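What follows is a pair of complexes built around subunit A, which joins subunit B in one and subunit C in the other.
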Partner chain A sequence: MVGAVGLLELLCRLGVIPNFTVIPPSAMAQSLWKLLASGKFNADIAATLTNVGIAIVASMIVGVAAGTILQSWPAARRTLDPLFATYYAVPMYAFYPLLIVIFGLGDLPQVAIGFLLAVMAVIINTLNGLDRVPAVLLKTARVHGLGFLRTAVRIRLPCAAPYVFTGFKLAVAYSFIGVIGAEFITSSRGIGYEISFAYNNFDNPVMYAMILFILLLVITVNMSLHVWEKRLLARRRRA
Partner chain B sequence: MRYPLVLLVLILVVWEILYLLVGDVALRSPAATVQALKTMLGDERFPPHVLETLLAFAQGFAIAVVVGLLIGLPLGAARFAGEVAEPILVALYSIPKVTLYPVILLIFGIGMPAKVAFGAIHGIVPISIFAMNAVRNINPTHLRTARAMRLSFWATTRKVLIPAALPEVMTGIRVGFSLALIGTLLGEMFGSQRGLGHLLMQAMSLHNIERILALTLLLVVFAAGVSGILLAIDHRLHRRTS
Partner chain C sequence: MAHVALRGVTRVYPGKPEVHALGPIDLELARGEFFAVVGPSGCGKSTLLDVMAGLASPSSGEVIFEEKPVKGVPEGIGVVFQEDASFPWLTVHDNIAFGLRQAGAADAEVAAQVGYAIEFMGLKDFARAYPAQLSGGMRQRVCIARTLVLKPRLILLDEPFGALDQQTRLLMGDELLRLWRETGATILLITHALDEATMLADRVGVMSARPGRFLDVISTGWPRERDSTIVSSESFGRLTSRIWTRLRGESIRALGRT
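== the complex of A and B ==
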């Protein structure tokens, strides 16, 4: 990693890669630092993060709920199965114009794209996890006379937690991809918009600074989730 | 065969209801969309765009498969390198690759190479992740048996390694197919004067709903169709090995 960045820096400084194509990483970092310090893009960053946050939370709630219901309703599940299998093959951005007309030009279409991309990962992983709940535990629940909701909250979901967590991780990634991608296509604010605006104006320092910002942000979030998951799994194994 | 049919009817009903709800501003009915698609397919200016997209997609996907396997298979064989590389690959997977689009455009310029590159970078990572796991999860007993039988390196590869890893690799290729297609289309949407993605973007800015829906329908049918075939192959491979 360090080697790759160093090589890029060297190539840019030596002029092998022209400056209007890629600027040296050190210049990117410097420009990013200046932009963050000036607070020029704070509103955009806040807008994007809010949208991503809403998409994540909504997809988690809807996904887990839908997964739990579908798991106990086999006919519906078998009907929807082909949809699940081909869902991610469909270019979701093609629905963007439709969403704009339905939700208007505000932030909602972006959130909707993030949500649509994320929710299926949560549903699939929730189903996957619920399928692996040991039958003994369910029988115990029945012996104790627990209702559907309490069985779900007390037994099914905790058992399925590792799988749901995988779904959660994917939901975070897909929400970022969906929201930022949608901002790219059409929107008037947000990080994706700023990048495409800077690109159209040949404003390389701003563009690369924002790209670097997103890369660092997403990688940090992802790595933290990875570490958190490892820790949760380790505790589970000990218990 | 019954369940997919029910699903199809369900989708059509939801579509029709949605159409009745939002009206002509945002949507057309399923019948009108199919009609529009027919007219579009009949237009002689249309096939070159399809060809352009297919060509870009085929190249991008081919590069993604070759590079993905070249990265993934060795990483699966070398356990330590794989463990180091896995979080990096997963992080790369979760990056919104649209943000890299300006970089790719500046490097390759507008046109075919940029689209191919964009399709390829979308597909490479998932294919390499699946290929890595495929090799890593090969039952060690199989390898030991091969050694006990004194199979040569090539015989081991051909008779043991490939059949054992193929189902997982196939799953990766299936996922990579979808993503490479999305990547190619995204590439066309932002920086291209031809192809289905460009047409879609054009229809969007002209607010030509009929066109948008017809293109979307075409893409969805193509993606779902190929994905269904790959899924069937995938299932068969998995069943054979288990």
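== the complex of A and C ==
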């Protein structure tokens, strides 16, 4: 990793890679630092993060609820199964015009795409986890007199937590992809919009700075989730 | 008055052909009695337990617990299953506290009860551990403790020591006897181990091959104060062989041999 960055720096500095194609990583970092310090893009960053955040939280809540209901409703699940199987074969961005018609030109179409991409990962992983809850735990729930909701919250979901968590991790990734990708297409603010704007104006320092920013952000978020997941799983594994 | 009574209980699984799994069964357990059930595999022992616990309803007949017909799992019945039913996401302490917290017990009450159960089941050093860090026997103790803290008046155990080695089983048997004496609960123990049934129970019910019915109920005549050392007594072997004689033909039938 460090080597690759070093090599890129060297090639850019030596002029092997022309600066109007790629600028040296050190220049990207410098530019990013300047942009962040100037506060010029604070509103864009805030907009993107808010939209991503809404998409993540909504997909988690809707995904877990839908997964929990579907798992105890086999008829509905059988009906929807073909949809689940082909869901990710559909290029979600194709619906962008439709989403604009439905939600207007504000932030909602971006959030909707992030949500639509993310929610299925949560549903599928929640179902997968709930399918693996041992029957004896469900019997135990009944012996303790727990109803549907309490059984879901106290037994089924905690038991399925490692799988649900995998769904959450994917939801975070898909929300970033969905929202930032949608900002490229039609939007008047956000990180994706600024990258696209800089690209169209040959503004390499800004473009690469923002790309670097997204990279660092996503890596940080995923690393934190990974650490959290490891801690969660450590309890369940034999010492 | 019987503490728990089964009258003409059958259980038939619908389908073509329908499967007659159990009964008819007539059984009365006195309050504070220790009753063991042995029978060939697949004879409906676990179905019997499910019906008694209210986890499954009988196809005909009825189960009476403390003078009320059983519908759903009644308060006052605790069940320990053969499979590991500990909650892997909770510590030993929180596992044992689960039922009390669900019932809305006050924190002080939970702490006192759980503390006692942890001590009683020899889990003191593992209160903060997670089930994955424990042996199979320890996990089963956690499940027993979780049931125990709710002070059930009828405890149903479905081969709780089935997955454990022989020494652990004998020691767990001793603990079960101690628990039985101290709580005064009525116990029904399903087991495939004849010696376990003979050693623990006041009466042993021998079930037939499917559909399971009671072929015989044998009284052991042990004093209430007893432990696993009775396995060396003279009558232990006689009782066990009597149960086996009764069971042998059925086990052969259950295996499909004539």
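Note that in this section the second predicted complex is superposed on the first by the 237 of 239 C-alpha atoms of A that agree within 3 Å, B and C clash if a C-alpha of one lies under 4 Å from a C-alpha of the other, contacts with A are read in each partner's own complex, and residues count from 1 in each chain.
Just so we're on the same page, a contact is a pair of C-beta atoms (placed from the backbone, for glycine too) under 8 Å apart; a residue touches a chain by one contact, two chains touch by 3 or more.
Just so you know, these numbers come straight off a predicted model, no measurement behind them.
Of the two partner chains placed around the shared chain by superposition, neither subunit B nor subunit C is touched by A:G39. In the superposition on chain A, contact of A:D81 is made with subunit B only, not with subunit C.
Touch criterion met: A:H144 reaches subunit C, while subunit B stays clear of it.
Which of subunit B and subunit C touches more residues of subunit A is settled by the count: it is B. In the superposed pair of complexes, A:A94 makes contact with subunit B only, with no contact to subunit C. Within the superposed three-chain model, A:G181 lies in touch with subunit B and out of touch with subunit C [touch as defined at top]. Of the two partner chains, subunit C is the only one that A:P158 touches; subunit B does not reach it. Across the interface of their complex, subunit A is touched by residues 53, 55, 72-73, 75, 77-79, 81, 83-85, 87-90, 98-99, 102, 130, 132-133 of subunit C.
Only residues 1, 20-22, 78-83, 85-86, 88-98, 101-102, 172-173, 176-177, 180-181, 184-186, 192, 195-196, 198-199, 207-208, 210-211, 214-215, 218-219, 222-223, 226 of subunit A touch subunit B when the two sit together in their complex. Of all the residues in subunit B, the ones that touch subunit A in their complex are 3-4, 6-7, 10-11, 22, 25-27, 87-88, 90-91, 93-103, 105-107, 175, 177-179, 181-182, 185-186, 189-190, 200-201, 203-204, 207, 209, 212-213, 215-216, 219-220, 223-224, 226-228, 231.
Interface residues of subunit A facing subunit C in the complex, by the touch rule stated above, are 134, 136-137, 139-140, 142-146, 150, 154-155, 158-159, 161, 235-239.
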